[in-house]
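The following pair of complexes shares a single chain, chain A, combined with chain B in the former and chain C in the latter.
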Partner chain A sequence: YTTRQHNLANFSIRIISEMVETPKSTKTLSLVSQEGDCYDVPIEVAKMSELVKTMIDNDLEDDAEAQEIPLPNVRSHTLVKVIEFCKQNTEDPMNDIEKPLKSANIHEVVQEWYANFVQVEQEHLFELILAGNYMDIKPLLDLTCATVASMIKGKTPEEIRKTFNIVNDFTPEEEARIREENKWCEEV
Partner chain B sequence: MSIVSAVKFESIPLSVIDDLIAIMLEPKELSALALTCRTLSDLSRYETYWKQFIRSRIATPRVQQFPTFELCRSVVKALKSSHRSVESSNLIKTIASFSSCDQEEESPQNTLVPSKCFTEFDLKTNSLLSGSSKNPTVPLPVVYRYAQMLCGCSGMKPCYWSSRGSSKGEEVKEYLSYFLRDGVNIVDKFSVMPYRAYWQPFEPTYAPANIRLSFYHPCFGPTPYFSSETFLVENDMKLQMFSLRKPALFLSGGEARVELFGMQQKQQLGPVIPEQFYTCISYVGIYGASLEKKLSFDPVSMKIGRFIPVQIRSEEENSWTFHYVSDSSKFKELYLSFKSHYGTLNDVEVIFYDKSSGRKIGSEETPLEIGCGMSERIDLVASIDVQTP
Partner chain C sequence: FSFTMSHPYGIKPLGMCYIEGNDQCRRNGLGNFSKLNDETLLNIFSYFGGKTLAKMAVISKAFYVFSHFEELWKVQVIELLTSKNDSPTINFNKSWRSTFISLCSKHPPPLHNPIQIKNFYSDVLYQPFLCFNSPVKAEYLTTENIDRVSDLSRDKFITMYEIPNKPVILTDVVNRWKAAGKWDEEFLETFHGEMKVHAGGVNFTMKSYLKYAEEMKDDVPLYVFDKKFASKNQSLRDDYFVPEVFSDDLFGLLGDERPDFRWLIIGPKKSGSSFHIDPNGTSAWNAVIKGAKKWVLFPPSCVPPGIHPSTDGLDLAAPVSIMEWFMNYYQTHKQKNSSKFKGKMLECVVKEGEVLFVPRGWWHCVLNLDFTIAITQNFVSRVNLSYILNFLRDNPSNISGLPLSERPLLYEKFLGELKSFVEGKNSSDTILRNEVRRTVENHRKKSKTERKEKKEQA
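== the complex of A and B ==
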């Protein structure tokens, strides 16, 4: 390999890599909540949502105005949290949550930022689940569901009902029958 | 001002509860959740949950399908009962095959029963249970030698199996294969007791270096469908128990093989007899429990299925017959076996009807497809039309 051949090879490699590499987009999207509020979000962050991904118009010019993505099922206060989550997940991805849950303390299962993120009112947690499901954001869904699971862990049926305000609509016979059928689960 | 309605637990779609929340729970927590209200009561039978449970907690062979929830329940119930007594949970029936044998009397059959020289030896008083040598001043090796003389293994009646001799110790692979109890079994432990010849100079123990349990079945050809981790064997005559990392399903019709790797001991009987390595085993146990009779393995279709008892009433004959069908097999087989009672197959037209609904049972349908796959029993009525030639 002579010096001349070496330089020629390097030059060719540089040209090819510039042609092949897709530059990171600086485009933003405008996510629109149920109430009509608009939130500018970098496209790479917004793409965490599989739903948003499918709605992106790739033919738009780079210098065109940010595309509006309507999200009629998500309220503003939830959308703000969702965007916060997606931003953080781009910078410091959430670790995989082992199944079944090893602990009822969410702090022992995910990084601190994420554990703090889900310290919200129960109704807000459910709204985040619905948003994560609707917008198809797997890590958000995993985190919020793990949180609900951690609230179920170690509780009796009555305690679970109290925690989530679930109404017991069993007849005493039905309840006894199902309890008997599932007794073996206690022995696993 | 808009009224914000509180988002309740009930608004979470069932698919999310099933696929995400339930998977994160242990079985008893899943059962607690299922007991909260009617909508969630089916959660404890959720297939995906038990499929994932089996994948992570039980070693299963690659077979066509099994009723996941039923299998898990069967395994858990069986293993709970197997913890009662070690001996009653020994599943070995007989010897299936073995790699080699030295003298004919040192046969693998000897591994089915614990050696008398071991069982008659009382470890607490270091004397024989039969009492004749309860003298504490007698040195231990003498007591052991006496025990083996009484057992007969130091003479012409070996109580152990011996492999063929080998000049190389480390590379040798031997095995002992067993048939286990009929049906589908779940195995969680196995044991081996190497043999120590107190009557030979230096009182050697002929243990293998390592041991492993593998399951074979003709359906899968020469490769085992299960192999445990490899365990180290102590070179001493004591009952060594090995617990499997995950309990493993065993299909009858095949063999459970205890694989013995490497030999630790050479037989040194003086200058005339050539020194060779041997493996000698006094006893083998394979422990677990049998699953419910209604779960069985069909080698033809390679499926573990649930067998459901069927009662067929024939109005023309005013008689009842009893059969078993697999939940995933076509009713065709039931038709064939029923027809064979009534002469040649060509001359008999048989139709089954469900006794309670009157629904006609098609021969191409399966119990699972028509919704009675989980029934405890199927009741049918047979309408027979014998065509006279």
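== the complex of A and C ==
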């Protein structure tokens, strides 16, 4: 793969990363997306990803160029969001989301910044889940999974199928059997 | 080895998908979710309450199998009970899902037979079924390389086993207990049926636990591990005694403030404990009253294959199910001649009437081969005292068996009690007193020198 300078759209990210206090190490890493875009990220922020953690070369000199960490499974527009998340999580760690969800409104179960963070298209949300899984960032995975759960909670089966492109492959008899078995759910 | 049992819902392992070549059930039935892996789907499902979880079953066949996954319902039951009141007891009813429904509904409907789902492949959903039904192979049980002794004197025990820190099985102690030949399922149900017992973070009555043990199909069964059995039940306490060779009990000097130290263990076939080291640096003995236990042990310096402790010692990554460990690691390492574990792995099957000495710091995992009743105690003796003192001094955050707030205080408290014991006026056991005095003095000296060295280095 070839490395390219990150484009103007991501300029704001670079400014933020230079402004953040670096308590432990001034080292940065260069995270490289599927498309080859590079993002400089303080090492302490990048280490929120267990995957990145395992790839860090601890023997590099402090004044050496930022180590490149290839992330071929993560596209740029997702990686940008992931980095945003990790930064926020080092500054204001996400609260644990209680199980079971007390509300279908994600704003009621987690801090405002994080609730706003997941206000994205369904497809992008799923990409964030995949990235959280691949990069092994537990709070990101928990937030995105809880968000999907909140999108399901309270909806009717037909609404859920429509929202997520699910085919009802039951026969009417099978479906009736399951509904019968679930009658207890309707009890007060 | 051919596994011909079929999953009650028709779920097949992932590999079968490549042979049968039909993934439609998953693709159509999960829709946009099909790009996520099964663990992620279970993560999403873990945020649902019981009613939402149940309602998922009607969406599609793929959702149906996830919705009925027993592990999710086990969590729901435990959640529901712990949120209700302080020490609720479980009344298990054939499965975790039906147990939950019984708790929520005045007229629980009869549960239908599972709908057979064709062409659904998942290792994650298939695994618990596989583990529960995999037989304990005869090959797992053949090696016996731990000494069996009878008529062992205290001195012999100390020189041959406790000081070298080697395991040993005593064959002639437990059969002298009243419990021997007396304790079994019927006895426990009849005479102690209403006793509350603690198993895996939840409470049962003895009777309801025995029902659970009979009916359950968990791949990681809950087992009774009750630290209060002797204090709440004098009759059970009177049916056993601590073997003489293990009678040193220096933590006993702490009285009520001592860490947890004795447990009644009851579990069904294939329940057990995956690899761990016993708490606080202590040694232990484990006696089988009914049933049999397969043990695998590794010395302190040797982390078992497949086990990954974190650097701070507080976490452990390992296969959750012991059967999984046996299937994936045990045989591989026995067969490889170059294996670094060769010669280090000790094994035995402890039978009724036998008691195993588990030396301090040894890794061990235990598998009940049958419904098994056992008693275990951990102890601090004149021999292992210096190791425990070092442990308490150097690893206060790894101390267990005490409320969090008391852990940082344990080291000083224990030293204080040892001091009182050593200076005590009454003349009983002067040999023990002198040994303890010597050990504590050496420990203090070493601690002082080490502190000095650290200061000089800094």
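As a convention for this text, the second predicted complex is superposed on the first by the 150 of 188 C-alpha atoms of A that agree within 3 Å, B and C clash if a C-alpha of one lies under 4 Å from a C-alpha of the other, contacts with A are read in each partner's own complex, and residues count from 1 in each chain.
We adopt the following convention: contacts are C-beta pairs under 8 Å (C-beta built on N, C-alpha and C of every residue); 3 or more make two chains touch, one makes a residue touch a chain.
On a predicted model such as this, the values are computed, not experimentally measured, just so you know.
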(message) For A:Val148, using the defined touch cut-off, is the partner it touches chain B, chain C, both, or neither? Pick first, second, both or neither.
(response) both
(message) Per the contact definition in the header, classify A:Asn165: touching chain B only (first), chain C only (second), both, or neither.
(response) both
(request) Could you say whether A:Glu180 touches chain B, chain C, both of them, or neither, answering first, second, both or neither? (result) second
(request) Pick one for A:Leu60: touches chain B only (first), chain C only (second), both, or neither. (result) neither
(request) Once the two structures are superposed, pull the chain A residues common to the chain B and chain C interfaces. (result) 97, 99-101, 123, 126, 129-130, 133, 141-142, 145-146, 148-149, 152-153, 157, 160-161, 164-170, 174-175, 178-179, 181-182, 184-185, 187
(message) Under the stated contact criterion, what part of chain A meets chain B in this complex?
(response) 97, 99-101, 123, 126-127, 129-130, 133, 141-142, 145-146, 148-149, 152-157, 160-161, 164-170, 174-175, 178-179, 181-182, 184-188
(request) Show which residues of chain A lie in contact with chain C when the two form their complex. (result) 97, 99-101, 122-123, 126, 129-130, 133, 141-142, 145-146, 148-150, 152-153, 157, 160-161, 164-170, 174-175, 177-185, 187
(message) Quick check on the complex: what are the chain C residues that touch chain A?
(response) 25, 28-33, 35-37, 40, 43-52, 54-61, 63-64, 79, 101, 104-109, 111-112, 115
(request) In the complex, go through chain B and note every residue touching chain A. (result) 6-13, 16, 20-21, 23-38, 41, 44, 52, 73, 76-77, 80
